[in-house]
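Following are the structures in question.
Both complexes shown next keep chain A, but they swap its partner, so chain B is in the first and chain C is in the second.
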Partner chain A sequence: MAKAFPSLRPQTQGYLLIAPALAVYALFAVYPMLNVVWMSFSAWNGLSPTSRFVGVANYRAVLTSDPVFWGALTNTVYWTALAVIVPNVVAFGLALALNQNLPGRSGLRVIFYLPVIIASIAVATIWKWMYDPFFGLFSNLLTTWGLTDFIGDWLGDRRIALWSVFAAYVWQTVGFAMVLFLAGLQNVSTTLVEAARIDGAGRWDVFRHVTLPAMKPTITVVFVLSLINSLKAFDIIYGMTGGGPAQSTQMLAMWAYTQSMQLGDFGKGAAISVILLVVTLAIVIPYLRWMQTQSEASK
Partner chain B sequence: MATVTIRDVAKSYGSAKVMHGVSISIEDGQFVILVGPSGCGKSTLLRMIAGLETVTAGDIEIDGRRVNDAEPKDRDIAMVFQNYALYPQMTVAQNMGFALELAGRKKAEIAAEVQKAAEILSLTPLLGRRPGQLSGGQRQRVAMGRAIVRHPKVFLFDEPLSNLDAKLRVQMRAEIKALHRRLNATIVYVTHDQIEAMTMADKIVVLNAGRVEQIGSPLELYDHPSNLFVAGFIGSPAMNILPAAAEADGVRVAGMIALPVSTALPAGTALLYGIRPEHIVLGEEGGVEAEITVVEPTGADTHVGLRFAGHDLTVVTKDRLAVGPGDQVTVSLCSDRGHLFDAATGQRIIAQAG
Partner chain C sequence: MTIRKALTGTFSALAVMAALGTGTASADDLKLWTLSFDSPTVVSAWKDIIKAFEAKNPGITVMMENRSTDEHKAALRVAARSDQGPDIYFMWAGLGLGGEFVNAGLSKPLDSYYAQYKWDDRLSAIAGSYSKLYPGGRHGVPYTFHGEALYYNKALFTKAGIAAPPTTYAELKADAAKLKAAGIPAFTFGGSVNWHLMRLMDAILESQCGADKHDALKAMKADWASEPCATASFKELKDWSANYTLSPFMGIDQSQSFKLFLANRAAMMLEGDWLVGQIRDAGRLADFDVFPIPTGTDRLYSFAEYYYVSSKSKAPDAAAKFLDYLLSDEVQQKYLGVIGSISVNAHVKYDNVDALNQRWLDIFAKYTKTFVNGDQAFPLNVTTEYFRVINEVASGSIAPENGGKTLQIFISANK
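This part shows the complex of A and B:
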């Protein structure tokens, strides 16, 4: 590098190297983000050559007269609240178990990670088949065990459809968090565990006073990632229920898509997207700030 | 405070035997140092006393109670680790009081114990800090404080000074020794540094390849090493070793020097003659000729490297020398403080002045 650009300062070289990536990100991430904000204040059907500025009319419509928005928001909140807890707790447990010296543990790690590398739409299809009330795996298993009373229309019943989808989501996402937790567990000092055992700590005390504090940075990363992922949950729902039945599995990201792409109201779709963005930032930024002050205090 | 008895303790990892029947008895209030080269098993032995490693065979008793199968927390021991092993999220006070907290002691009682230990170790102004805000020496003190507050029967130290710089190491050495006197504690201390062992221990256990080579007071080991390994390991610079052979009327060293001693060994038996660097006398009449290879003044004394009859020797002298590399010098290797070892077994041979 130094020979190719003998007169360039290291900073200039750095900027040169990130320039291509920066251009791509500006074009495909920053510009659309700004554009969607602009779009949320306009009326546009996606086909006409011109759009019209309408002020906050889209937001007013979404917040006051949209029959689905509040349901989708509620679903998104429930979904997110569970999605940052359930898969991550399961993943933490798996990581703790697979961090032990078990025979065949690398094979087991691969198995639990496998769903992560499957495309979401394929995961959706697999689970849709398994949930089929007549030919699906679950119905057949329950029939075999003589538990026919428990057979439900997993994706067709509006009371349980969201949670049926959520189960598939847990299966799909556990592996990713598990791998991050496993990496984090490598930072837990064995000497510190030994020191704690000599100090009289039992398993739970060791976990609480040694493992958990050492895992804090990993937990933050996993929490933020799963928060963002669950707020924008789209593909698995799109593939399994498409938001139905009767909008019972509708979510904000999905509803924004439906408004724009299927109902042709890009202004409202953009407004929903912006609301989702604001909600996300409103949770993530304070959390990261708080974590930062925490880690600075412990240094 | 308590005694520690280690009886025929062996340790294997699968089929690999790393410790072959070690027996050591440690008296109440004794400062015992386990010393040896890397891989000799000294840390493994300490960890077995602590309960962090299982004992494959033999018995470990603390205060007369067999603890082989007891959990570390039930052994009434405290351990100071090489890398300090402090809880990073806790303050110094919390680190020191953690064991008492786990034991369910009252808050006021814990605070009093921590305060007392902090005073002993001059940690009082640091009690509110976290380990990340402390220097290496301060962290080491906190680790010791954590051990002190528990009033354990036995203190275990695992190479506690290895991560400190040379100056701090000397200072901490004195502090640990003072602490031992003050608490009158039973201490088992592991180090690979024989100077640490010599300066601090009441009793040194020299380990090599999972076996005890010798147990004794520092000066016993220095003056009467029972074998070649101990002779070479204890003392810095190391003892000079020269080939020798038993003769009818004495011992001949390097084929040249006749030692006026008798060994009662058959003539021709291969021996090794050991002499410490400070026992070789330079420039004495009637000595042998040697060539100086290197002169290293340390200030207090001078280390001189010699080449004699194809062997390298080190001499330590208090005299200021006006000679340099390449110069010839006469040296006297005969000393009543020399040592003889069997060349085949490495065991010490007792010789009578002839």
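This part shows the complex of A and C:
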């Protein structure tokens, strides 16, 4: 490349090289995002050729008279809080176990990673079938074991429906975090581990003072990725409950989609999307800054 | 290579690819967007219809795209601002669904085609009447006219000591009690698809409020909060769901519910005439019968499905020609009982129909007035809230006394 543009400065060549990617990013990410913000101040049904500026009316409607919004926000918050903890703790444990010299280790890694490559909608279909209260796997197993009292309306009882979906989500996502943690574990210095052991450190001390600090960058990446993925949780819930029963498993991302694509209220859908974006940024940016501060302090 | 040369080359290649991409479609390639069909018999019938039409009309090809209900609605909305949408699209004919697209100018008025092909001479008046709902022209042609009624399992009715189907709402309730006493749930519903349980609520409203009041409530001209029959209806809904419905039902969908019906787990199912095809596919025609919902108003619970020609179609003549073939005496006669129990074509002869379809013919012959499904009567946002309130009442999260009030709050806030 340098030979192709010998007259250009290295910085210019750099900008030139990233220009196509930037153009694609601007067209398919930045422009739609700005458009959504603009749309959130408009009224548009998706069918008429023009939209109408309505100020903050969509936000007011969403925050004050939408009977589903606050439930969806609460679900999103609970879901996110658990989604950044439960699958990642399980994944970390699996990664630690599968980092040991176990027989069949590679096969086990594949088995735990397999759900990640299945499309979410297929995962939803599989679990929906397993949760069928009449013909499903869980109901049949419980019947076989004589535990019929424990057969529930897994996806129809509003008290447990969201968590039934969450179990499927954990099953689907654990493998991804596990692979990232496994990659991170390869970067833990064996010299440091051995030195700590020579100094008399036990297993817990090695984990606490050597492994965990070395895993910090990986943990940050996994945390941020799972945070963002959980905040925009959509497809698995859409496939398993469609937000029901009675919108009790509704989430912000899906409610934004429902408002826009199913009810044709693009303004309100956009307003919900913007609120979701603000919530996401409000959590992710302080966390990244805190991690950056920690990283700089440790240098 | 200079930057200029590289960019020129790239854009030239893109331009050639774009030209090739758009050049492959002929003006008479018709895109038909419709729903996914549940019955293999219907799928097969549609393939045959398209094949036969293409054979009769060389140069016209029909590409059918099938989607589930929600995906179909979403795809049409996306296509509304694009030139890549369908030439012909399926939609329910009521003002709440099909009407939204017609009012947005996305349906081509078909008056000239109605005249050219003399469709009115062959269409039944009630099926064709939905094309006249809009000012400024006639929109769409009927594909089906569907009635919804109560299918019942004959053996389970006999087991519960029920000699004949009920003819009044009180008798229906009494029969449900007899079934319950015999250990048989009266109904099966799939609560996860909101529209299934909605049918029960629609039927209850018709029986508790009467025709005029029911229509006023659905038109949002009567107050759901203060109207006693609305509260009574929600109480009835709660009673049916708590005492006479196969439980649990909120987590299953309509197809799972139908499997339970076929497995003799419940005595009745509130379905349309299209279920005959599915019962036939299951080889169980002899086991079931059907009777109108005894609401006491002499109105049939029904709706129409239409095919509309898109206002953006580049081949409206070919689209009309296809619709003409679909509505023809030949096609409607050949696929009678597959597309629907009753044809929208008035020339069709009903010989050798099976017992269930004959029952439907009797039902259609008996009624002259209709009431439509809630999701076709309300605007989309109110429909969504109607679904939510119904589900909340059925699952006990909202007291029946507060059902109407909750719905009215939403209606008032969104008027």
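By our rule, the second predicted complex is superposed on the first by the 297 of 299 C-alpha atoms of A that agree within 3 Å, B and C clash if a C-alpha of one lies under 4 Å from a C-alpha of the other, contacts with A are read in each partner's own complex, and residues count from 1 in each chain.
Just so we're on the same page, contacts are C-beta pairs under 8 Å (C-beta built on N, C-alpha and C of every residue); 3 or more make two chains touch, one makes a residue touch a chain.
Keep in mind that what you see is a predicted model, and the values were worked out from it rather than measured.
**Student:** Putting chain B and chain C on the same copy of chain A, do they fit or clash?
**Tutor:** Fit.
**Student:** After lining up the shared chain so the two structures overlap, which partner does A:L252 touch, if you call chain B first and chain C second: first, second, both or neither?
**Tutor:** neither
**Student:** Go through the superposed model and pick first if A:T191 touches only chain B, second if only chain C, both, or neither.
**Tutor:** Touch status of A:T191: first partner only.
**Student:** For A:I275, using the defined touch cut-off, is the partner it touches chain B, chain C, both, or neither? Pick first, second, both or neither.
**Tutor:** After superposing on A, A:I275 lies clear of both chain B and chain C.
**Student:** Determine, under the contact definition given at the top, whether A:V36 touches first (chain B), second (chain C), both, or neither.
**Tutor:** In the superposition, A:V36 touches no partner, neither chain B nor chain C.
**Student:** With the two structures laid over each other on chain A, which partner does A:D157 touch: chain B (first), chain C (second), both, or neither?
**Tutor:** second
**Student:** More residues of chain A in touch with chain C or with chain B?
**Tutor:** With both complexes superposed on chain A, more residues of chain A are touched by C.
**Student:** A:L231 contacts which: chain B (first), chain C (second), both, neither?
**Tutor:** Touch partners of A:L231: none, neither chain B nor chain C.
**Student:** With the two complexes superposed on chain A, say which partner A:M178 touches: chain B (first), chain C (second), both, or neither.
**Tutor:** Neither: A:M178 stays clear of chain B and chain C.
**Student:** Just checking: does A:G200 make contact with chain B only, chain C only, both, or neither of them? Give me first, second, both or neither.
**Tutor:** first
**Student:** Upon superposition of the two complexes, what minimum C-alpha distance (Å) separates chain B from chain C?
**Tutor:** 45
**Student:** What part of chain A is shared between its chain B contacts and its chain C contacts?
**Tutor:** In chain A, nothing is touched by chain B and also by chain C.
**Student:** Show which residues of chain C lie in contact with chain A when the two form their complex.
**Tutor:** 1, 3, 70, 73-74, 77-78, 80-81, 100-101, 104, 106, 191-194, 247-252, 256, 259-260, 265, 380-381, 384-385, 387-388, 391-392, 395, 397, 406, 409-410, 413-414
**Student:** Quick check on the complex: what are the chain A residues that touch chain C?
**Tutor:** 4-5, 16, 45-49, 61, 65, 67-68, 131-135, 152-158, 161, 241-242, 244-248, 258, 261-265
**Student:** In the complex of these two chains, what residues of chain A are touching chain B?
**Tutor:** Within the complex, chain A contacts chain B at residues 189, 191-192, 194-201, 205, 209-210, 213-214, 298-299.
**Student:** Per the contact definition, I'd like the list of chain B residues that touch chain A in the complex.
**Tutor:** By the definition above, chain B touches chain A via 50-52, 71-73, 77-79, 81, 83, 85-90, 98-99, 102-103, 130, 132-133, 146.
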